[in-house]
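First chain A sits with chain B, and in the next complex the same chain sits with chain C.
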Partner chain A sequence: MSVTTLDPAARVAAAQTVSSRIWREAFASIEFRIGLIVFILLVLAAALYPELSGLDPTKLSVREKLIPPLFLGEGWTWKHPLGTDQLGRDMLSRALTGLRYSLLIGVATTVLMLIVGALIGLFAGYYGGRVDMVLMRLTDAQLAIPMIILAITILGVSRPTIPSIILVLGLAGWPVYARVMRSTVMAEAKKEYVRGAMVLGATNLRIMFLLILPLLLPPMAFVAVLDIARMMIFESVLGFIGLGVQPPTPTFGNIISDGRKYIMNAWWIATMPGVFLVITLTSINLMGAALERARNKIYGGA
Partner chain B sequence: MFILRFLIRRLLQGVVIVFLVSALIFTLLRVVPGDPVRLMAGGMAPEALIEEIATEMGLRDPIPVQFTRYITGVFQGDFGQSFVRPASGAAVGGASFDDSTRGERARVLDLIAQTAPMTIQLALLAMVFALVIALPIGVAGGLYPGRWPDRMALYLSSLFVSLPNFWLGIVLALVVSVKWQLVPSIGYHNFAYTILPAFVLAIEIAPFLIRTLTVSVAGVMAQNFIDIARVRGLSRNQIVFRHALKNAAVPLLNLLGVQFSMLLGGVLVIEFIFDYPGLGLLTINAVMQRDFPLIQGIAIITAAAFVLINIVVDLAATAIDPRLDY
Partner chain C sequence: MKMEEAMKSAPVLQVSNLTVAAGEREILSAISFEIHPREILSVIGESGSGKTVLARAIASWLSDPLRITGGEIRFRGQDLVKNPGLARKLAGREIAYVGGNPAGALDPTMTVGAQLVEKLRAVRPDISATEAKKKAIQLLNAVRIPSAHKRFEEYPFQYSGGMMQRAMIVDALISDPALLIADNITQPLDVTVAAQILKLMRDLNAQFSTAVLFICSSLPVACDASDRVMVLNAGKVAEMQPPRALIADPKSAYTAKLIQELPKLWDESTRAPGEERDAPVPVLSIRDVAKAYKIRRRGEAGLSVVQAVRNVSFDVFQGDNFGVVGESGCGKSSLMRLLTGLERPDHGQIIFDGEDVGTASAATLRGMRKKFQLVLQDPYGSLPPQWPIGKILEEPLKIHGIGSAAERRDRARAVMNEVGLPDSYYNHLTGGLSAGQRQRLNVARAMILEPKLLIMDETLSALDQTEQGKLLDLFERLQALHGFTYIFISHDLTMVRRVCSRIAVMYLGEVVEVAPNERLFFDPGHPYSRALLSAAPTLETRRYRPEDCLLEGEPPSPIDLPPGCAFASRCPHAFDRCRAENPVLRDRGGRALAACFLNDETPAVSEKTYA
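Our next item is the complex of A and B:
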C-alpha cells in the first residue's frame, strides 16, 4: 500500500468531491465495468441459485455420484452443470454456497481490519508522542508475526467458527492500515482547518472523528477492496488446511481439500470450485485495481 | 559513524519487537483452550498423570512465571524442546502415555535449523522465477503508461493475485507432474522437487513486483534526466537498463521487506500442498499438534528474520540511492 504525498492546495480544493471523483474516474475504466458485471452476476447466482434450483449443497445422492461437468467425460447432465462429488452433491450449488461464506467473511474481515487499523492509526497520528510510540511498536510487533502463522495458531488451538475466523483475520490484518492512517493523520493534523477548529474550542475527539476521519477514510476504503479478495483467499486457505468453516458447510477451501483425495479419477471436484474462486477474485481485483489507480491519479501520488 | 549508529538503533528496536512478539505469542498460546499435555499423553491417559506431567513441565505455573523462564532461556540460545517430536526421527509421539521416547525430545532450534535451508532454497528460487516473470511485464507496462502493455500488466497482475496458491499447486501438480510427467513435485528427493513449488510461489509474488515495477518505471521515465539522456544520444536500451531499472530497484527492495510475511504465508501453504519438508510444513504440523515450544520458536525466529531483512533492505537501499537517509 502506498502512502501518497499530497499537494495541500490541490487537496483542499478537491476535498469536497474526492470520493465521487474517484468513483467516476474508476467507473470510466473498462476493467472496472467488466469486474463489476462479473461480480454482480456471481453474487446474484450465489444469492439465488442454491434455493431456486432446489439442489441442496449438502444433500447426498449416492446414485448420482461422480458425474463429470458438462461436455467433459461420460454421463454428464444439465441437472449438474459442474458435476457432482464423491457423495453425489451438486458441485455448482456447493461452489455457490461456498461463495456466500467466502464473501461474507471477506467483507466482514476487511471492514473490521479497516476500522481497527484506522482507529489505531488515528489515535497514534493525532496524539503523537508516547501514545504514538506504544501503538506503533505494537503495530511493528504485529507486523513481524506472519499473519497466517498467527491465524492458524489461534484457530488451530481453538474451535474455528465464522465469528472467530472473522475476528482472527481482522485482528491479524490491521497493522498496514494503522501505518498508512497514522502518516496521513500526522500530515493532516498540522493543517490550518484543524488548528482553526482547535482555536474555536473543538475537543480532540470532535476534531478526530468529525473532521479528520471523514476526510481520510474513504480513500483508504477504496483500496481496501483489494483486501477483500486477499481475505477471501485467506479464508479458503484456512478451509483448505482444515481450520476454516467446518464441514458439512461447503466452503471453497474444504471442497478443494476434500476433492484432492479424488483428484486422479474425478479431477473436477478439486478444480472446478477453484475456477469459480479465481473468477470471483479476478472480478474483485479488477475493480480494486481500477479504484486504486483512480485514487492515485486524483491524488497525483504513485 | 552513521552506519554504526543506525545499526545499533535498529537492532535495539528489533530486540524490542522480537520481545513483544514472543510475549504476544506466548500469552496467546496459553490463553486459548486446548491442553497440549492431553495430546502428548494420549486420550487414554488418566487425569492424574496429565496433571503430574503438566506440573513437572511447569505448565501449571502462572503465565508470567512461565514466560520469564522461557525468555531467559531464549536469550541464552535455548528455545526449549519440542513437546511431541522425538530427537531420533520424524515419528510423531502422542499415541501412548508411557512412550519411552518422551525422554529425548528434539530441540526446537535443531528442528528449525534442519528445515530452514530447504525453505530458503525454495524462497530464493521463487524470487528468481518471480523476477523473470515480472521484469518484462512490469517494465513494458511502465514504458507505455495507459497503452496496451500497461493494461496487460494490470490484467495479468489482477489474474495472478486471484490465483489461490493451494489451488494452483494442485492443478499444476496434476497437469505438469502427473499428466505430462515433466517435473516431480510431491515430497523432496532432489533439487527438481523445488521447481514446481517455487513456480507457484513465484506466481503469488509476481503481481506485487509487476505493480511496483510499472509504477516506478513510469515515474522514472517521466523525469527530466531521461529526456536529457536521450539528448545525450544514449540508446533506448541503455536508458531503460542503466537509469530506469536502477531507480526502480529501491521500491522493489522495500517491497521485499514489507511483503516478507506474505512470502512466508505462501511458503507455509505451498510446502503443505507439496509435502515439501521445510519450515512451513514444520509450522503447520506444530500447530496441529499444539507443539507450543516449536510454535513459539518459529514465531520468534521469523520475527527476527523479518527485522533483520528490513535492516538489510534499508542498508542496501541507501547503497543504491545515496540520497536516502537512514
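Our next item is the complex of A and C:
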C-alpha cells in the first residue's frame, strides 16, 4: 500500500524541479560535502601547486636525493614535504603533476568508453535483429583482442602520446559497457511506457535518447566512476612496460616503476602516487554515492 | 447444514480486537472474527480498506512500518501476536497464503513440479522425494490441471494464467494447512477462468476441510464464493453476515451503498448509451483484418504460426462508445496494436479518417497519431519512470512541435484540471500517485493532443469499483465536452454494459458477434457470448445459467487452429458442420451480427453490412 503523507516541508520541496531536489538532497549529506571539498582541493593543488611553488617536477638535484617526507627518517625539510626521489626531484610536485596526467587519462578514457559503449549498446538493444548482430559481433571481435597486445601494436607503431594512450585504453574498455547497455535497453524497450511513447508519435531516436538513455545512464555512470581508478592503474601498467607516457613527464605509472628499485630504502617514492590515488578516488566515490542515494530517495518507487 | 456443522467445532482462527498501525495511523482497528474448519469467510472492501494488511497480519507477514498494536490472533487457541516464533513456524505450514500474482510468485527457472516438491519438503522434511512428487501430482489433478504428471515437469511460462493460479493453490495446499488465505486470487483472471477457480476452491474446501479466508474486492464474487461475508470499510468491520442475508438486508449504510453502486447487467433501468446516428460516416472502419505471428516453439525445428487476429471487420462511428470484449489471449491486444499502427496487418484495411493505418508511411502515421490516442492498461508500467508529471504531459506536445514552452505548460495545467489532478502536482514524480490518479494522468496525456478517437485498452481493469465509476463519469464528461469517440477494449462485461453503445465479442482472434448493447445482453447470438454472460460476476438472477453455458477447459492454443469454428471444442451446441466449416459474421437484423450456424434459421441477409 502506498500511503503518502506530505508534511509542509515536503510540500515546499515538491514545488521545485526534480533535478534541483536531487542536488539539494545530495548536498545536504555530509559525505558529499567532504568529498567535494577534498576533490576541489586536490584539483586546485594539481592545477596550481607545481607552478606556484616554483619547484619543477623534472628538475634534478642530486645533492637533495632520497630525502624522506616530513617527520620521518633523517634529514627531512619543509622544502620537500613529501621528500624527494633518487634524482632529488620534489615528490609533492611530481605526485601532483602525475595526478594531473593520470586524472586526465583516467577520466577521458572512461568517458570515451562510456560514450562508445552506451551508444553501441543502445542501438544494438533498441533495434535488435541485424543491427544487433553486426554491432555485437564487432563487440565480440574487440573483446577477443587482449588489451596489452592492442596497446603494444598501436603504441609500438605510433608514439605513445597522451591522446593515443587514451584512445587505446578507451578502445579496449568499451565492449563491457556495450554489453551491459544492450541487455538493459532490450528489457526497457519492451515496457509499456515505450509503447506509449510510440503511440504518442515519438520517433525512435527520441525514445532512445530522451526516454531510455537518461534512465539507464546514471547507474552506468556510477559504475564508470570506479573504472576511472582501473584506467589510472592501466596507464601505470603501460608506463611500467615502457609504453605509457614517456619520462621525464611524471605520471603515476612511471613514478611507481621508478620507485620500485628503491622500495627498500626509499619507500615513499612508490607510495605517494598510491596515496593520492586513494584520496582522489575516495572523494569521487563519496560524491557519487551521495548523489546516487539522493536519486534513489527522490525517485523512490517511480 | 454445513454452517451449523462448522459452528459446532472449535474455531481454527479467532481474531479479537486486532489493531494494526503504520506509525501513528491506524490501518485496521479492533477487527474481530472467527473462522471454523470448512468455512469460507470472504473479506471485501475497496482498495485501501485494509484487506491485504489483514491477510498479512494473519500470515505474520507485516513489514515496516506496519505493526500490530493490539488484540489477539488465536490460531487453535494459541496467540500468534504474543508468540512470533510460533507464528513463523505456522506460516507456510498450517497457515497458507495465495496471492494475486501467480506469475510473480513462481520461480521461472524451476519446473512447477520441482517448486511444489521443494515447498513440501521444506515444511515436512520427513517426506521422501518420491512421495512428495506423488502428492504434488495428486493435488495438481485435484485442481484439474490436464495431464498433471506431464505438466509437473513443465516450467511456469508454459502454464496459462489460470493454470499458474491453480499451481499456486496446490503450492498452498500441499502442506495440508488448516487455514488458507486467498488474497485476490481471481482478480487477474478472465471471468470464465475465475468462475472455474471459485468452483474449484469450494470443492477443495469440502474435500480437504480447510478453512478459507477469501479476500477480494468484488461483492458478487465474494457472495458467490463464501459462507459468510465480512465487509471492511476504512479498517473497521462494517458488518458480517451470510451472503444472502447481506444482500437482502444490509445492516450498514456502507454495504447498502456498495450493493446499490453495483452495475447491473440485466436491469431494465440500466440505460445503455444511445447510438449516434447523425453522422453516417464511420471514424474508423476495419475490413477483414488479419495478423499472424511466427514463433519458434521449444523442441521444434520450424516456425509455428499464431493466428492472433483473423477476419475482423467492424465500423466505429463518430461519438460512439464501441466495446471490444473477450478473454485474455483472444486477440484484443493484438487488435489494439493493429489499430494504433504499432504493427501492420497481414491483410485487410484499417481506415481512419480516410487513410489506411495499415499501409500509411511512418511519417504519415506519425502525423495521424495526433488524431487517435491510446490509453494503456497498466497504470504503473505505462508512465515513463522518473519523469515529473508536467514533463509527461508536455511530451506529446513537444513531439508534435505544438506551442511554445509557456503555452505547453498552460495546456498541461489545463488538462490536469480537467481530469482532476491538483495543480500542485506539476513537478511531482509519479511515485506517490494511486492507480486511479495514474490512469487519470494517462488519460490526460492522451487527450492533450485533442484526438478524435481514444482507444482504452483495459484502462479501468486495474482499478476498484468506486474509482472505475469516477473515471467513467470523467470519460462521459470529456466526451460531451470534446466529442471524443471511444473504443473500450475490456474483459469486464459490467463496465461495457454501462458505457458502450455497440459491442464486439472476440474469441481466439475472431469477432464472433457484433451487436448493440441491449441486444447483446438480452439476446446474444453466439454461444460464447452466452458463456461470458453466465460467468459475469453479478448479484442478479442470471439470464444464462452457468450450468448450461459455463465452459469447461480453456481456449485451444491459437497455434494449429482446428478447421471449422474455433469455438467448437468448447461449445455445448456444436454439431458436425461446426467442426468442418468456419462460420462468418451474418446479419441477424437490427444491426446485430453473429458468426454461428445456429442462427441460420433466421433469414440471412445477403448484403454484408457492418453497421
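As a working rule, the second predicted complex is superposed on the first by the 196 of 302 C-alpha atoms of A that agree within 3 Å, B and C clash if a C-alpha of one lies under 4 Å from a C-alpha of the other, contacts with A are read in each partner's own complex, and residues count from 1 in each chain.
Convention: a residue touches a chain if its C-beta (ideal position, glycine included) is under 8 Å from a C-beta of that chain, and two chains touch if they have at least 3 such contacts.
Source: prediction; values computed, not measured.
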item	value
Chain B versus chain C as contact partner of A:298, first or second or both or neither	second
Touched partner set for A:54, first chain B, second chain C, both or neither	neither
Touched partner set for A:129, first chain B, second chain C, both or neither	neither
Partner chain in contact with A:75 - chain B first, chain C second, else both or neither	neither
Partner chain(s) touched by A:145 [first = chain B, second = chain C, both, neither]	first
First (chain B), second (chain C), both or neither touched by A:256	first
Chain B versus chain C, judged by how many residues of chain A each one touches	B
Touching both chain B and chain C, residues of chain A	2, 302
Chain C partner contacts - residues on chain A that touch it in the complex	1-5, 11, 14-18, 191-193, 195-203, 206, 211, 214-215, 298-302
For the chain C and chain A complex, residues of the former touching the latter	22, 25, 27, 48, 52-53, 340, 342, 366-367, 369-370, 373-374, 376-378, 381-386, 388, 395-396, 399-400, 424, 427-432, 434, 442, 445, 449
Residues of chain B touching chain A in the complex	13, 16-18, 20-21, 24-25, 28-29, 32-34, 151, 154-155, 157-159, 161-167, 170-171, 174, 178, 215-216, 219, 260-262, 264-265, 268-269, 272, 283-284, 287-288, 290, 295, 298-299, 302-303, 306-307
Complex interface listing, chain A residues touching chain B	2, 31, 137-138, 140-150, 152-154, 156-159, 229-230, 233, 236-237, 240-241, 252-253, 256, 260, 263-264, 267, 270-271, 274, 277-278, 281-282, 284-286, 289, 293, 302
